[in-house]
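Heads up, the next two complexes both have chain A, just with different partners, chain B and then chain C.
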Partner chain A sequence: METARKFIKTFSNVPMLGWLIGFFAAVLIEYYWGYDYISYYLGLPKIPVLFGALIMLKEPIMIPGAIAYDLIVYVIPILFIAKVSIFFTNRVAAVLEKTPLWMSAIIHLAFFYGVLHLWAGINDYRVLIVKLTLISIILTISINVINGYQGEFSCSHPGFMAIGAYISSILTLYFFVNDKTFGTAVLSSELGPWLFPIALIAGGVAASLGSLLVAIPSFRTRGDYLAIISLAFMFIVKSAVENLNVIGGARGMGGQPDYAPLPIIFIWTILCIWVVHNFVTSIMGKALNAVRDDEAASESMTVKTRKTKMTAFMFGAFWAGIAGGLFAHVLAYINPGMFSINRLAEILAMVYFGGLNSIIGSIVGAISINVLGEALRPLELFKWIIIPLILILVMIFRPYGLISFKEINAKKLLRSKHKREQGA
Partner chain B sequence: MKKIACLVVVVFAFAMMFSTSAFSARKTIIRIGINAPMTGDIPKVGEGSKYAAMLWLEDIEKAGGLEVGGKKYEVDLVIEDNESKAESAVKANTKMITQDDVLAIIGPQSSKQAIPAGEVANKYKTVMISPWSTNPSTTLDRPYVFRGCFLDPFQGPVVANFITDEFGFSKAAVLYDVASDYPKGLAEVFKEAWEKKHGAGSIVAYQSFTTKDTDFSSQLTKIVKSGAEVLFTPQYYNEVPLIVRQAKDLGWKGPIVGSDSWGSAETVELCGESCYGLFFSTHYAAAGAKGATKEFIERYKANYGYVPDDVAALTWDALHLAQQAIQDAGKITGKIETDRTAVRNALAKIKNFAGITGNMTFTEEGDPIKCAVIVKINDKGEYEFYKSSCP
Partner chain C sequence: MSALLNVNKMTHYFGGLRAVYNYNLNIKPHQITGLIGPNGAGKTTIFNLITGVYTPTQGSITLENENIKGLETNEIAAKGLGRTFQNLALWRHMNVLDHIKMAHYSQLSYGLIGSFFNTTKCRQQETQIEENSYRLLELFDIKQHADQIVTNLPYGAQRRVEMARAMATNPKILFLDEPTAGMTPDELGQMIKIIRQVHQDFNVAIFLIEHRMKFVMELCQYIQTLVFGELIAEGPPEVIQNNPEVIEAYLGKEDLT
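Here is the complex of A and B:
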């Protein structure tokens, strides 16, 4: 215990920028020496893709090699560089602290993205995992608005996602691609990537209009009954798409152009985090909490409960639609079966695992479930025993999820750790 | 700080001591990827694919490796679970191609995973052979994607012709799952073929249900009342027994005919005697097989305790096709991109490949031209060859 505390204290004066530089150094090491030297001498067939989790589970004989690789490439360089660079990074952080918060945040994020891009770029499998994880983050945050902040138990998220996915796919296929369903492209395909945000937003808007079907019944029902209505909505969307042969029916719809590379998805994710954060900390966001905690009391305190509920649903559904649109363009194929009860279970697991009423909790939940799902892939059937078991344990020991009812304090996160040390 | 540094060094040294493969040179290994549904809705399909692949690997290992251009290479199978989900199949394919450096991929089996996964394989220019996917979009406009079975547009007319020739009926009913890609597509093709033969309105009942339904009595009552003489239901092994039993309970007397999705070993196990005497079209017949087919069935049965279904047989054929293409490619350069393209070109050139499910020659699209088999479930519950129909 004593050693651990000392260890943590040694690194307590490393600012966020220091950790980023440490990570950057680790990625550079992996990029230049990872394949040709380090993994070669450790007897690994390739650079371990997910910190060696896959190879460790598949071939236990590789465990020492994979652990050694993680130590050499990640742990030691990150700790070392982060600690050594504090003289420099704390000063830069102090300078950034004087600039407006948004500027400091953008600089940090840009740097973070650069490092992430480099790390993911080493292997396309990593790119795909990072993309799907970012999309899951948007989904989880958006359901947190309804299930966490507003306190309704909504099961219609896969439905919203499906609406967004189908509307944006129809738009991009109709306007920018020559395909079987809609014939030749109406506009030049060069415009596609530039107008793609409009298609996405259209998908989001359609999803939020669809959400009214659930929001309006929520005026009169709550709890279990609303959950059933929202579940019905999900099945309505699924069955409707299955029976619409124009858009492929159960056969699905494929051939979406690749308009969703990593930077685009990253920007949308950051945008989502920023907008939702501002929304839930605004007066409207506080009204959501008030309606959740006591509907009658908040009504008597002049909170418009109906408007609040509608806003929460439409807002959550909008981002679910965006996530659906991005998802469709990453996979380049969608079918109604994807947006069913399995997807719902996944989304609910992410939000309740991470924590209700918290953006940082949603991010943690989405990343953990996605990375766990990928890392435990070699276990096949046992994966579906281990993940639910972890969920049960989390629910027993932290009934509201890992990090619930907490918000990100960007200012505190990014500040220089120098001053405190000197007692200034 | 000192303690930590010491600890790290000790852990590292300890780790290296046990790492037997450390400092060894990288070998050129031929890796074949298997993308199969080991978990999810149809685990039996994944199991069949995996077992067939393991038998194939056994053969290769017995021969001391795969001989390509006069040199023997070690072969390794990379089996990935696609959870019967599209995005998981895409992830599995991306992983196998970019991380495991596979030379060719066998699978995914169902069309809903094979269509998006084929996109990935084609993008990275890696040969993918889907043994069981019957949807035309899987291989359409994708030079690197092939399949090992016939397509729905061929199977539908085969069944329609068989019923007409065998029983001389002219009024048929169809019961299918509207939410599932394969049954829906096949039901449409069958309807079209039947109406072409017997005129409009000869499909007297065209009933649908949704995946995971277990009660079909309302649809079946309509079918019984419609005066249909035969019922066609292109469903999977988990639904067929329910449909057949419920139909018989409701007084259905005519024959029930199915498609290749009936071919799983589970169908008869779950259905029991109610299914005896029924017909379905499929890729191969296990009972009464001869030659290489018989050999495969007996080996599979000896190893895993049951008669292999069509998925296993088609996977076996797909693996042999891949093997043949790799050997035809002439040599392994070690540069994976070059080798993959060479394998693709060799595979497209294969003519009259003698598989256990029939002879195959690929069309431009990567679809094989091969015969369909009509199978009768005999009184012992075996799938017996009844008739074969060639294009």
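Here is the complex of A and C:
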């Protein structure tokens, strides 16, 4: 315990930039030597995609090799470079601290994206996982607005997602693709990627209009009843789509153009985090918490509770719609079965695992459940025993989730950790 | 002087139960009015009727000669009716500063778009509200608790948070529902001081429900006594104190035979 604490303390003066550079170095090592040298000499068949989890579970004999790979490629270089580079990184961080926060944040994010792009680019499978994880982050944050900040137990999220996915798919297929259901493209397909945000936003707006069907009953009911109403909404959307043969019915709808590469999804995710963060830290957004904790008191303190509830639902549904649209264009195929109870279970697991009332918690929850789900894939059926077990443990020890009631403090996160310069 | 708040012949039924009957109230600016009565007399119901939680079956309510009957609670509150609750109604996951900031809700004008994109207008207003909130915290002597979650505070401090929160809505009349419930005699003295101070500094009228006679007699300039939803006596403290009907309602009938 004592040594572990000392070990962690050694790295307390590494700024965010240092970790990013460490990660960058690790990715470079993997990029240049990962396949040709390191995995070859360790006897691994190929580069471990998800830190060797898949290999370890499939062939236990490879466990030492995979662990060694992780150490050589990730752990040691990241720790080493992060620690060694503090002279440089702390100075740069101090300079960035003097610039406006948004500029510093953008520089950090751009650097982070570059590293992530390089890391994901090593393998197509990784690209897909990263894309789906980013979409899950949007989904989890958006459901956190309703289930966490607003405190309603809403189960209609897959429904909102489906509305967004279908509306944006219909728009892109109709306008930019020669498709057998919608005929020839109306506009030139070159315009597609540029007008894609409009299609996405249209999907989001449609989802938020749909959410009114759940929001309005929420004025009168809470808790179990609203859960049932929202569950019903989800099934209504699903069976409505199943019975609409124009858009493929239960067979689904395919052929969406590939308008959602990694950078686009990354930008939407960051946008979502930024907007939701702004909202929930403003007084207007904290009204959600007030209504959740005591509705009568909120009314008496001039808070418009109906408007607040409607806002929460529409806002959450909007981002769920955006996530749905991105999802449809990543997979290039959707069917109503994708937006059913399984998806709901996944979304709820992510938000309750990560932490209510916290954006950072949602991010952690989305990443953990996604990566766990992928990493434990070789276990097949046992995966569905292990993940719920972890969830139960989290619920016992941290009833509100891993990181709850905590907001991102970008300034604190990005600041220089040089003690002498701060005059401590 | 014209009345600030005027309630005329207000009657309210819960189903077949007559909760309040023919209730009249006249609050002048800067007046402290007390409402007393045994348990279940309908005191809190009257608060809820005036503040818009329920809409009265009959009668009229006007604030500065403007009808407020039938408006939403938040609209009535924004017009200048602040209140506290009998059993503290604080937001249990929020810190003290956010409580006070939240009560400025009706003064926000940046709109949803402003809050989504953190516009300059939004930031300016939020800073201004924060400054104002700190001033209130200082006045109520809870500035040192600003960052704490409200449920971690001692009871007396929680009461003060509730008062500060009610004052942040910028009320013309402050409704206090049993402000001293569950307080020690020591805290009681403090509360009297705080109410006096609020009354002076903010120049508000106060309407309060209370059980402790000492407290009511000391603070109020005008007292109403409610029994089974009907007023049985009203007047200045000295009159009420010696009114046989009030004594009867509180202590029971004296058996003379």
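Some notes on this structure:
Here, the second predicted complex is superposed on the first by the 419 of 424 C-alpha atoms of A that agree within 3 Å, B and C clash if a C-alpha of one lies under 4 Å from a C-alpha of the other, contacts with A are read in each partner's own complex, and residues count from 1 in each chain.
The rule we apply is simple: contacts are C-beta pairs under 8 Å (C-beta built on N, C-alpha and C of every residue); 3 or more make two chains touch, one makes a residue touch a chain.
This one's a predicted model, so the numbers in the text were calculated from it and none came from an experiment.
With chain A as the common reference for superposition, the partners chain B and chain C occupy compatible, non-clashing space. In the superposition on chain A, A:M1 contacts neither chain B nor chain C. In the overlay built on the shared chain, the residue A:K286 is in contact with chain C alone; chain B does not reach it.
Of the two partner chains placed around the shared chain by superposition, chain B is the only one that A:A250 touches, whereas chain C remains out of contact.
Of the two partner chains placed by superposition, only chain B is touched by A:N123; chain C is not. Seen from the CA centre of chain A, the centres of chain B and chain C span an angle of about 130°, rounded to a multiple of 10. Of the two partner chains placed by superposition, only chain C is touched by A:K304; chain B is not. More residues of chain A are touched by B (comparison of chain B with chain C).
In the composite built from the two structures, the nearest CA pair linking chain B and chain C is 32 Å apart. When both complexes are aligned on chain A by C-alpha atoms, no chain A residue touches chain B in the first and chain C in the second. Taken together, the chain B residues at the contact with chain A in this complex read 1, 3-4, 8, 11-12, 14-24, 26, 38-39, 80-81, 85-87, 90-92, 94-95, 97-101, 112, 115-116, 119, 124, 135, 137, 178-181, 184-185, 210-211. Chain A meets chain C in the complex at residues 275, 278-279, 282-287, 289-290, 292-294, 296-305, 311, 357, 405. Those residues of chain C that touch chain A in the shared complex are 51, 53, 72-74, 77-78, 82-83, 85, 89-94, 98, 101-106, 108, 110-112, 114-118, 122, 126, 129, 165-166, 168-169.
Residue ranges on chain A touching chain B, taken from their complex, read 3, 7, 10, 40-43, 45-46, 49, 54, 61-62, 64-65, 67-68, 71-72, 75-76, 123-125, 128-129, 132, 238-239, 242-243, 249-252, 254, 327, 331-333, 335-338, 342, 374, 377, 380-381, 383-384.
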